[in-house]
Amino acid sequence: MKELKKQVLEANLALVREGLVFYTWGNASGIDRERGLVVIKPSGVPYESMTVDDLVVLDLDGRVVEGRLNPSSDTPTHIGLYKSFPGIGGIVHTHSTYATAWAQAGRDLPCLGTTHADYFRGPVPCTDNLTAGQLAGDYEKAVGEVIASRFSGLDPAFTPGVLVRNHGPFTWGATPAQAAYHAKVLEEVAKMAFLTLQINPSAACDQALEDRHFFRKHGPGATYGQKKQQQDF
Amino acid sequence: MKELKKQVLEANLALVREGLVFYTWGNASGIDRERGLVVIKPSGVPYESMTVDDLVVLDLDGRVVEGRLNPSSDTPTHIGLYKSFPGIGGIVHTHSTYATAWAQAGRDLPCLGTTHADYFRGPVPCTDNLTAGQLAGDYEKAVGEVIASRFSGLDPAFTPGVLVRNHGPFTWGATPAQAAYHAKVLEEVAKMAFLTLQINPSAACDQALEDRHFFRKHGPGATYGQKKQQQDF
Amino acid sequence: MKELKKQVLEANLALVREGLVFYTWGNASGIDRERGLVVIKPSGVPYESMTVDDLVVLDLDGRVVEGRLNPSSDTPTHIGLYKSFPGIGGIVHTHSTYATAWAQAGRDLPCLGTTHADYFRGPVPCTDNLTAGQLAGDYEKAVGEVIASRFSGLDPAFTPGVLVRNHGPFTWGATPAQAAYHAKVLEEVAKMAFLTLQINPSAACDQALEDRHFFRKHGPGATYGQKKQQQDF
Amino acid sequence: MKELKKQVLEANLALVREGLVFYTWGNASGIDRERGLVVIKPSGVPYESMTVDDLVVLDLDGRVVEGRLNPSSDTPTHIGLYKSFPGIGGIVHTHSTYATAWAQAGRDLPCLGTTHADYFRGPVPCTDNLTAGQLAGDYEKAVGEVIASRFSGLDPAFTPGVLVRNHGPFTWGATPAQAAYHAKVLEEVAKMAFLTLQINPSAACDQALEDRHFFRKHGPGATYGQKKQQQDF
């Protein structure tokens, strides 16, 4: 648990360092799959002073197991995603500028080049609106549900992120560090896509090029990096 | 007074640190409601060398009570807002890039997502033009008047900021620190809204989602953060 | 001369510090009006290692009086401006991003708000194209001529900058420091104007508001700052 | 070889320092023309910890001559360019934001002003799509081929960079340092061109002005800088 806590703290700090989070506008979590325990950032605590002891540990029913602070208000979303996507080990939520702009625009983020295709296969989807009922009820849990429902037919290992409509991005990965890495990638490709479509509104990317790049880094035929490794996140 | 001066100095420095102010393009103030005294930045003094002793103390009639420097030229606007909005404890004025662009565009800043809705209920309003008479007379006082007049029917606790047309943003809060915080939030949501409408000119946000987020952080039912607290600013 | 050299070096370094200049893409100069001598940056020398001894001193005929390096290739433009605008004491040239974009667009930079009106009275003008003859001849001198010709009817003390078409901005002031200050102001208002017109293509500013702000900081009735001072630059 | 390795390491680090590369999204190489050996960044290794010993040396047939790590996955592109452009000594590849946006837009980057004309003669070309056959085969080698084919009729010494469609920029120069320098120039002029065309969609630059600036810095008549030097890169 100590090791996972360190990873979660480091992922939270990476969000600030990479310029993805101002103030308390984001959170990172990790899961210990064997023990079924989630480690997450506390709610509304400044990053500068955060230590591993401030992190909150919960079980998958949302019961606090360890920690004296309230967990992030987005905790039910994180837990829902860990349940829906059994292969993931870390989750990050931010309000990073360009990814949030796409979420506010209610548009799937299209794949327009290899920077995107190296990490996300096809568009990064944008969820539907929540219904009045979902908003009135357990809102943060409902956010997890609309994400899971949007991923019907999609592989979360090949599309490690989502835009929650009128809200902002969630990304995930094999580890908290990788989830944070994907949050940065998503922000950068969201900026590039914005600029690209301003220059040429009908810009698009060849599917074959997308596939070539994605599978250069993912799956059994991956050739990128220093060793054959599972890079599906 | 010493404590308030420290808070006002710190709020002024925060504006520079957050990239909201170049040179002397901004000012922060705070009020001691019991004594009816306002502490404000001096006019045209560089932030780097500013100390608490450079700050100016005035009463609500604009008479200097303490300090050897001229107060910010925007002082009459600050005093007017403290009179019109009796619940506020700090005010910030900047020329931050995106918020100023919306002010120059003469457009209310629409609420397009939860980042905005977490802090501002509904659009951040843009004032009317000043009349020829207002411009010719006590200009800075008149700016306070057009703001107050634009807030007819609006609750300054729920909309802690305004865009002064062709000029720039003013924000406020329970404390100088919170006013500075809202200045940063306003700049970020102004940037996000700009980008959002470039991606999708008809983007909008569901009123129910806005309400859900705003009241998660404000009012008696607030659930965000570490304790039940008055977060109406 | 030592004092002026220090000022010129500091103005050159300020351009880099403020993010207005990459590599060697800019230059600052100053003039000693009594002696008729101009101090300017050497050509193509990196800022990091520049010292006062690298600066070049020339008379108003362009003859090098002091210094072992070639002066900036833009020196004839600087000298021309010092001759055309006898009231100025410092000049800066940059390729700062937004001001250069307006210059490349061939558009006068419109005054859209008080940030601009505090420093520049009315639009910052964009010059005409150089003629084939001007390009073929003493090109850098011709740049000074198109600027001076564009200022026919304009007061360089009220409009302390210009956009050279398809090239970039020149700014000036009473001192090298003020010229550098105006270079930063110009870049910021160029960015704000770009954003403003993207939000509202028909945005404009009330002439009376422009005048009110400009004369708050300039001329005998100026009320801004800590003392009555000549702030016409 | 030691000296070339230092230069290649320094060029790789410059890309990060100049904000052109996040994570491992870029690579720089250099060639020893006499020995026919290329030094290049290893694949997927973080810049922070990279040393000269991590660099990989290959011959022009792509055989590793020195180094224990895999070379950059883009190595076949670099080798292809060294073969096609015998005058170049260093190559850089990045996914820098604005240059990549133009590549994703599939548009040649037009020359709109002197900042561009000082380094690139005419537009920076964008390649064609790769064919299905090229994508299926030795992809990275095919990238080198589409670049070389796009340069039919162009002088790589006068146009030291290219946009690979839906991918990103490659730049080159006499040395690795100059290739990195051109990568920064390309990013800046790509940003300026984006902004320029947003302000004025029909903006253009006079050919005579372009020529005047380009030949001020290049060729036998160059007058810029401190000595007559070969500045054709």
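The first chain written gets the first letter, and so on, giving A, B, C and D; residue counts start at 1 in each chain.
Methods note: a residue touches a chain if its C-beta (ideal position, glycine included) is under 8 Å from a C-beta of that chain, and two chains touch if they have at least 3 such contacts.
Keep in mind that what you see is a predicted model, and the values were worked out from it rather than measured.
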Same-site or different-site touching of subunit B by its copy subunit C, using the half cut = different
Euclidean distance of C-alpha centroids - subunit A vs subunit C, Å | 46
In whole angstrom, the CA-centroid distance of subunit A from subunit D equals 33
Would you give the residues of subunit D that are in contact with at least 2 other chains, written as numbers and ranges?
-> 198
Go through the chains and record each pair that touches.
-> A-B, A-D, B-C, C-D
So in the complex, which bits of subunit B are touching subunit C?
-> 22-23, 25, 42-45, 69-70, 73, 95, 97-98, 100-107, 129-130, 132, 135, 139, 166-168, 194, 197-198
As the complex stands, subunit C meets subunit B at residues 112-115, 181, 184, 188, 191-193, 195-196, 198-200, 203, 205-206, 208-209, 212, 216, 223-226
